[in-house]
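This is the structure I want to talk about, given as structure tokens.
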Amino acid sequence: MIITLKPGTPATEIEKMKNRLEELGVAVNIIQGTSYCVFGLVGDTTKIDPSVIQADRNVESLLRVQDPFKLANRLFHPEDTEILVNESKIGKDTMAIIAGTCSIESEEQILILSKQVKEMGASFLRGDVFKPRSLPYRTISEEEVIDILKLAKHNTGLPLVTEVMSARNIEETSQYADVFTIGSRNMQNFELLKEAGKSGKPVILKRGQSSTFQEFLMAAEYIMAEGNNNVILCERGIRTFETSTRSTFDVSSIPALKKMSHLPVIVDPSHASGAWWMVEPLSKAAAAAGADGLMIEVHNDPSNAKCDGEHSIRPETFGTLIKSLKEIAKINNKYI
Amino acid sequence: MIITLKPGTPATEIEKMKNRLEELGVAVNIIQGTSYCVFGLVGDTTKIDPSVIQADRNVESLLRVQDPFKLANRLFHPEDTEILVNESKIGKDTMAIIAGTCSIESEEQILILSKQVKEMGASFLRGDVFKPRSLPYRTISEEEVIDILKLAKHNTGLPLVTEVMSARNIEETSQYADVFTIGSRNMQNFELLKEAGKSGKPVILKRGQSSTFQEFLMAAEYIMAEGNNNVILCERGIRTFETSTRSTFDVSSIPALKKMSHLPVIVDPSHASGAWWMVEPLSKAAAAAGADGLMIEVHNDPSNAKCDGEHSIRPETFGTLIKSLKEIAKINNKYI
Amino acid sequence: MIITLKPGTPATEIEKMKNRLEELGVAVNIIQGTSYCVFGLVGDTTKIDPSVIQADRNVESLLRVQDPFKLANRLFHPEDTEILVNESKIGKDTMAIIAGTCSIESEEQILILSKQVKEMGASFLRGDVFKPRSLPYRTISEEEVIDILKLAKHNTGLPLVTEVMSARNIEETSQYADVFTIGSRNMQNFELLKEAGKSGKPVILKRGQSSTFQEFLMAAEYIMAEGNNNVILCERGIRTFETSTRSTFDVSSIPALKKMSHLPVIVDPSHASGAWWMVEPLSKAAAAAGADGLMIEVHNDPSNAKCDGEHSIRPETFGTLIKSLKEIAKINNKYI
Amino acid sequence: MIITLKPGTPATEIEKMKNRLEELGVAVNIIQGTSYCVFGLVGDTTKIDPSVIQADRNVESLLRVQDPFKLANRLFHPEDTEILVNESKIGKDTMAIIAGTCSIESEEQILILSKQVKEMGASFLRGDVFKPRSLPYRTISEEEVIDILKLAKHNTGLPLVTEVMSARNIEETSQYADVFTIGSRNMQNFELLKEAGKSGKPVILKRGQSSTFQEFLMAAEYIMAEGNNNVILCERGIRTFETSTRSTFDVSSIPALKKMSHLPVIVDPSHASGAWWMVEPLSKAAAAAGADGLMIEVHNDPSNAKCDGEHSIRPETFGTLIKSLKEIAKINNKYI
């Protein structure tokens, strides 16, 4: 951590600040520049709250040399993390395919769909019980949804991925869910992150729409701080000035996050683009950039889906896509 | 609502879609353009979910003519909303000053500070019990904080404004809090919005860091849909490419939101800028642009505050600022 | 084009505006909504300047149904455009590789490098004579650079791609340059666009750092309006809140632009990321998303390059990358 | 400047890099951290090109302690710059009002308008000869426009402010123009900046739509490097995700730029918002935040203006606004 003091800061104030920082357990190297006095802090600066330093009226600016997260940091864990859920894997040389639909309409629909996507190459089933929005999308009850998802999981033998939005959700779903998803709006819901950490189950953490890579990894750190290292980072688009797509899918997050962290990085091209015709090219792009997995919305009749039809693809399209993805993944020594 | 169909959409599909839309209770005007067939929908389109329309593979694009919110819409409520809390007001010809600190350290500190800011012109006290972050800022317990806030409220007679982050928080604080704040990260926490709506108490809703005006007002609509019209919109900066300030304070939100809605619009220059030396110019700018209020962090010793010292100002600075704000507000026929 | 009038606009004003619009050569359909009177314009609206309409105080808002560009619009030219330069192609089933360096240091260096990249699969040579910045990068004169580029072009037989920043540049380079590049900062330099249009040579137009797809295609339209249809769109990253990469490479621009337009879309992963270690994954992502070409900086000794070394890759890396790109392109039925 | 080396960089490489940096004329302080070796550079780092450092494969990251510009830097010129043009001033305790229209339609129109705005408080006349866009706005010739502007200048005695887009424009207008404006699209047109610098005339430099404060001041530095210190910075809105306004007017640029630089900072609320009803509140906000001036579009009949009518205000509105601005400016000890 580099702290620059205002020009003209009195020597006594410099001394006082130096002592204050040393009390926080770091060594302070002073560099006297032409205009500025600069402190170079050596030691564990992750426990220093920058805003407390910046509150000091003598401080001009504060820069970080090292990322503020430790457990998620590749610097301290050079090896890729691989996460095993039942017999399905994410990370290292596996590219995981998580498929399913938000629009759960009937038992028959989901049983057929889950069988199809499994046969085509999906290694995880996606199915949400709780919906973040209040519009009356569903024609069936939450209990029926749970029963359908349990049956689909049982029939396919695939682990079930489901979104949680509160500590209560975690409790309620823990009996049948294998992987929790934390949505982009909850990326900095620190209570929820901690609860997910305590659950011990693998967590797919989605990047907030306006979150930097560093903030994203800091959020992962909250989960890991509870002893849960099974965190999967998920890029799902960021908000930019371009509004012709729902959000801007940031493909560079894949190499960037993998450089900063050892955690697996997957992507959700469906929600990122909000457009069914973008799912195919964005999925391929993600695979080519080295993604460890993909989360894809598949629906038997998207035009008439109760929700998310606008970014869902048909099972046939999914099947063709997976074939291409297998070839692309192989180029990066990854396998579906 | 304007729906554009893909060129070459068969007449039977156009007819089918027209019927489907009419079943939703709107009249459909068809305009046959040179390249596109366009539907102009007349009636209450706020109940139509655009993504369900966009799921239809024949739909090229969807545009809104009218904002998707009703209760918060100035179109249907031309008069400015004025909110009365005990004897303090927000809206119309009042510019409300909400002052206080996040860094509650001792009873003496808060009692002195709250007395000072009241005398200088504050009409609301700000004090948070729950902290969104886990860093060990506080040296005193939550119970002590509550007791201190109650005492400060009692001594000054000013209404107390406090942040809530969950339904449980609403319950716990409802005995002593007069106004709830919903933070920017929770702007689209729909469960929380509904609970705040049910509480019946005035709610200060902070704009999400990457939320458009329309999304912001849609969030307000969720609170109002529960029968609670006492919503105060609060601009607190948006995320942009400029990173030398914590966020970009969007002063144009004041005239823009007031044109779209009848709700009062206040600003939080402290959190928007994240810099104490910006609080003064941004507060003045907000007042000049017609803001209905300001939320300002004041601390007796910002350099040594346990938190938020970097964007807190001293009581003396606050006093001088208020004098300027009174003059500026008067130019807009508003009074502190 | 959809024009919404303010509620309460008098009938005489509606009539006047209708006449004014009809004089511009479009038919006006009036839809009387519950709150708003809406005009649906049918005909060629590309000649209508929206800001002139919005100047009318009775106008509430203006929405476009159809993109404001015609020549670049896929609606009127469903077939992909293929551009042929000598024996090299861009577009349709060809993925063109444009390789070279900004850091031209000696004849020997460039002759070896250009030979290498050609053998590895490059079909165009990149070499800039004029530098947009004033820092004293170069150790050799502009004249020497020109001679070196001419020789490299002659020896390899590959077409030469060079950046132009003014009408004078176009004139000066027209004898030896085969393709002009217009940089992102000049994307809306309308004089330059027109001059490039008049030149008749193929033009690679780079997307401005904060330009929407629509603005990008409008800029292409300026070139095409001069009778030059050989425009190649180049994505090179947009500015977002994420600052750990130089810009955010928008891979979704590839499918989005190809849906809106028939023009070839290439990408520049070197300048987009500003980081040599990103060039490989981003190039692969672009190829997988269906790009019609790639512009890659290659340098024999990037660590000691006079400029652009931070995002240049070594010839060996380039060679390996091209092998992967060939496989990926093939999946999309494209060939290098 | 702080340079962080990759963990594991060999001692010989560290030594080599240290020598290379010292040759650039700076002293190198080495801080050996727990994970990283960090170089703290002392001396004039403004001549070091960061990208050349970053090209070195051993470099992990580069951070600036000091802003990369010198002449525009308040650190070296603590006093506010005041610019005098004939008898009109900008900077220090003067708030300059620059008024006029882009839509020059007739001699009579402009003579009346310029007389009106002068009487109301304008101290500079704005009038553009060259138009950046090609749409056939004008009904009169460029020569007529020049004659009208000369006459308006002569009659009012006010200095004339006009936009230049090329070196040729500078030459052509230098006889009658008193202040040059460089538009936001040309903010990084380095050739133009240098030519404007050589002209010796005061230059209003508009912030690029996606330019940071630092980039903005670096552009000013280019003008000043030619010996021309009369640079006026102009905020005119930045591009963000919010699209209901043309751009987001960044009011915090006023205190931020004034902290970083001694140059006057003015604003253009007309072009920033693109909406006539925003001009009034944004102008007041700018004055309250301490702006040194305002550039306002005034037109006698905005609804029928040939261009820019959508963000022009009527002379009567302008008159009322100036009265408010005088009161607000006075609070900041500034005078119109």
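Each chain carries a letter (A, B, C and D) given by its place in the written order, and its residues are counted from 1.
Simple rule for what comes next: a residue touches a chain if its C-beta (ideal position, glycine included) is under 8 Å from a C-beta of that chain, and two chains touch if they have at least 3 such contacts.
This one's a predicted model, so the numbers in the text were calculated from it and none came from an experiment.
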Repeat of the B-C interface, chosen from A-D, A-B or A-C (over half of contact pairs identical by residue number): A-D
Chain pair with more C-beta contacts, B-D versus C-D: B-D
Subunit B and subunit D: spacing of chain centres that average the CA atoms, whole Å: 32
Where subunit A and subunit D are represented by their mean Cα positions, the distance between them in whole Å: 40
Separation of mean Cα positions, subunit D and subunit C [Å, integer]: 27
Residues of subunit A touching at least two other chains: 210, 239-241, 243
Chain contact graph, described as a line, ring, star, complete graph or other shape: complete
Subunit B-facing residues of subunit D, complex: 210, 212-214, 238, 240-245, 248-252, 254-256, 259, 272-273, 277-278, 281-282, 284-290, 324, 327-328, 331-332
Residue ranges of subunit D touching subunit A (in the complex, touch as defined): 2, 4, 7, 29, 31-36, 38, 40, 42-44, 61, 63, 65-66, 75, 239-241, 243
List of subunit B residues in touch with subunit A within their complex: 49, 51-52, 54-57, 132-135, 165-166, 185, 188-191, 194, 209-210, 222, 239, 274, 276, 302-310, 312
